[in-house]
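Each of the next two complexes has chain A plus one more chain, namely chain B in the first and chain C in the second.
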Partner chain A sequence: MLLGLTSASRGLVWQSWDDVYLVYQPSSTETHVFNDTTTLILKCLGQGELSQEGVKSWTEAALGVGQGELDADEFAFAVGRLEELGLIERSEELIAI
Partner chain B sequence: MNINGDKLNGIKKPEGDDGRDKAPVAELNLRRRRLVRGVTAVAPLILTLRSGALAAASCTGVKAINVSVASNNKPASGIPGQDYCATQNTSLNSTCVAPGQLTIDTNYISASTGKCGSNHAGQQVAILSSASVTSLLALR
Partner chain C sequence: MLVGDLSRRELAGRLASAGLGVQFGPFNLTVRSDLGSFASLAHHLYELYPLLDAEAISDFHVQIASPRGLRRLRKWVRPQACFSVDGQSIFAPYRADHAFPALEWGINWCVATRAHHLLMLHSAVVERNGHAMVFPAWPGHGKSTLCAALTHSGWRLLSDEFGLVRPEDGLLLPVPRLISLKDASIDVIRRFRPEAVIGPLFYGTRKGTVAHVRPPAESIRRAQEPARPRWFIFPRWTADAAFTLEPMPKSQAFLMVATNAFNYDVLDEIAFRLVADMVRVCDCYSLRYSDLNEAVTALEKLSGSIDG
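And then the complex of A and B:
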């Protein structure tokens, strides 16, 4: 199962504010507050689809923390929340036969 | 804008094995912040401001209104000689407009005829003040 950005996430309007980002989502007219970690999850997926484990590993590297230091439950919850907001989506991995 | 100061959707896929940079973003700043704030700062933060009033107050785009244009190309509202007509690239569902949602006419609503600069007869357009047009162009 791969994660990828939705078209809604590509229309986000970002504004940095101290240590966080205020992010306006035109598709829902909602405004979100993201920190660096959430921002990096989206940035990673902005470069192409990747497995959830791959995104977690990339995000940890980008944050400069050790592999596994990003709590798996917290990461999974964030991914689920981003899905609920319509910013990321899951797709089946294509397997060549 | 993202953590690099760039728009997130402007990120280009780098050449390489999996297309992901190995040392992606302002790492020194991130590490410095994290040393100060501790490990809890690593946890993802996602808060959504559900209040419509608050969302409107924190509009990061510009204000515009949704207006119909008559068959003679005159918008239903807007001040000739001061306001602009704009094509709605995506239908406006709020008065807070983000860059990319609109294509702005290069001229004011004509002071002499009251018509939009381009032909929008029968369409819905967005009407913006000249100040909003300036802001929108700066946000792009």
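And then the complex of A and C:
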């Protein structure tokens, strides 16, 4: 399974202060409060679709923590929240023939 | 021409017929009333407000008047007053002797539910030397008391209730209406500035005992001069609390301002950008106080730090 951004993630308006990211989502007209992990997941997927494991590794590197050190529950919660908001989605992995 | 240029009889006549056209900052109102006690009080407390020109268009037509069907029953039914806007009754009737505060609340309701061309913060706002200090707060947190004290200490009143932000340039528009005080805060302001013009006490209203402070003439005269936001102060009056004025993280200030606005959800992205812009340029503080003099002195010192 791959994770990728949805069309709803386009046009997000960002404002960051004090390690907190305030994000306005035009598609839902909602304002969200994201932490570093959630923000980095979106940033990672902005470069293209990636497996969940790949996103976690990229996020750990960006956070400056060792591989496997990002709490799995925290990561899963952030992914779940972004899916709930309609900002990311899962898709079947393409198999090269 | 000001309301006070009319005789009391002329004012009562206008109220009872075509209506009294009054300008409150960016809003033009036509007020009608058949209640003699209301006319007398309006003449005193609205004295300094400008009358509308004959050709001006009113944003709201409001009325505080005796309910029609009850006139013949006055002998048996306690006198009542109904607030209506554009001919529609909005609230349950009030006691007739509460007509004045009922009209003031009704005007607030009109602004809060209709002025969606502006971002409306639930805030008091005062200004000095071109810099506005905004006090977003929930009812009971002491914003009106603080606002009344500051406007009688050299600050200009923009509003004790609405932080009106103009989307085009992010400036705060004045709407220097009467400052509504409740319960103990009335005596606090009487002691703080004995010369303040305060209307009569209205006992047993839906909001307790209330009284209205007329803003200083300078604030009303400059009602068309907007101001640039410079500080967000989140006040909290607590009996016997030690005074504190502490910087607040901007992310927290953003959330408090956004959730406190009357129409953040209506303006969507415009509101997000306006609040973010304001918080970015403002210093944000949390204020806890019990002594009004201490709070006023500290805020004057804070403003003085940039006045030079």
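We adopt the following convention: the second predicted complex is superposed on the first by the 96 of 97 C-alpha atoms of A that agree within 3 Å, B and C clash if a C-alpha of one lies under 4 Å from a C-alpha of the other, contacts with A are read in each partner's own complex, and residues count from 1 in each chain.
By definition in this document, a contact is a pair of C-beta atoms (placed from the backbone, for glycine too) under 8 Å apart; a residue touches a chain by one contact, two chains touch by 3 or more.
Predicted, not measured: the structure shown is a model, and the values here were computed from it.
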* Touching A:L2 in the superposition: chain B (first), chain C (second), both, neither? -> neither
* Asked: Which partner does A:E69 reach: the first (chain B), the second (chain C), both, or neither?
  -> first
* Mind telling me which of the two, chain B or chain C, contacts the most residues of chain A? => B
* To do: Answer with first, second, both or neither: which of chain B and chain C does A:D18 touch in the superposed model?
  => second
* To do: Scan A:T31 for contacts with chain B and chain C and give back first, second, both or neither.
  => both
* Where does A:I41 make contact in the superposed view: on chain B (first), on chain C (second), on both, or on neither? -> first
* So which positions on chain A get touched by both chain B and chain C? -> 13, 15, 20, 22, 24, 26, 29, 31, 33
* For chain B, which residues count as touching chain A in their complex? -> 1-3, 5, 7-9, 11, 13-14, 18-20, 22-25, 27, 30-31, 33-34, 37, 39, 41-50, 52, 54-55, 58-61, 90, 93-94, 96, 98-101, 139
* **chain A to chain C touching residues, read off their complex** => 13, 15, 17-18, 20, 22, 24, 26, 29, 31, 33
* Footprint of chain A on chain C - complex, ascending -> 249-252, 254-255, 258, 265, 268-269, 272-273, 276, 279-280
* Mind listing the chain A positions that touch chain B in their complex? => 9-16, 19-22, 24, 26, 29-44, 46-48, 50, 54, 58, 61-65, 69-71, 74-75, 77-78, 81-82, 85
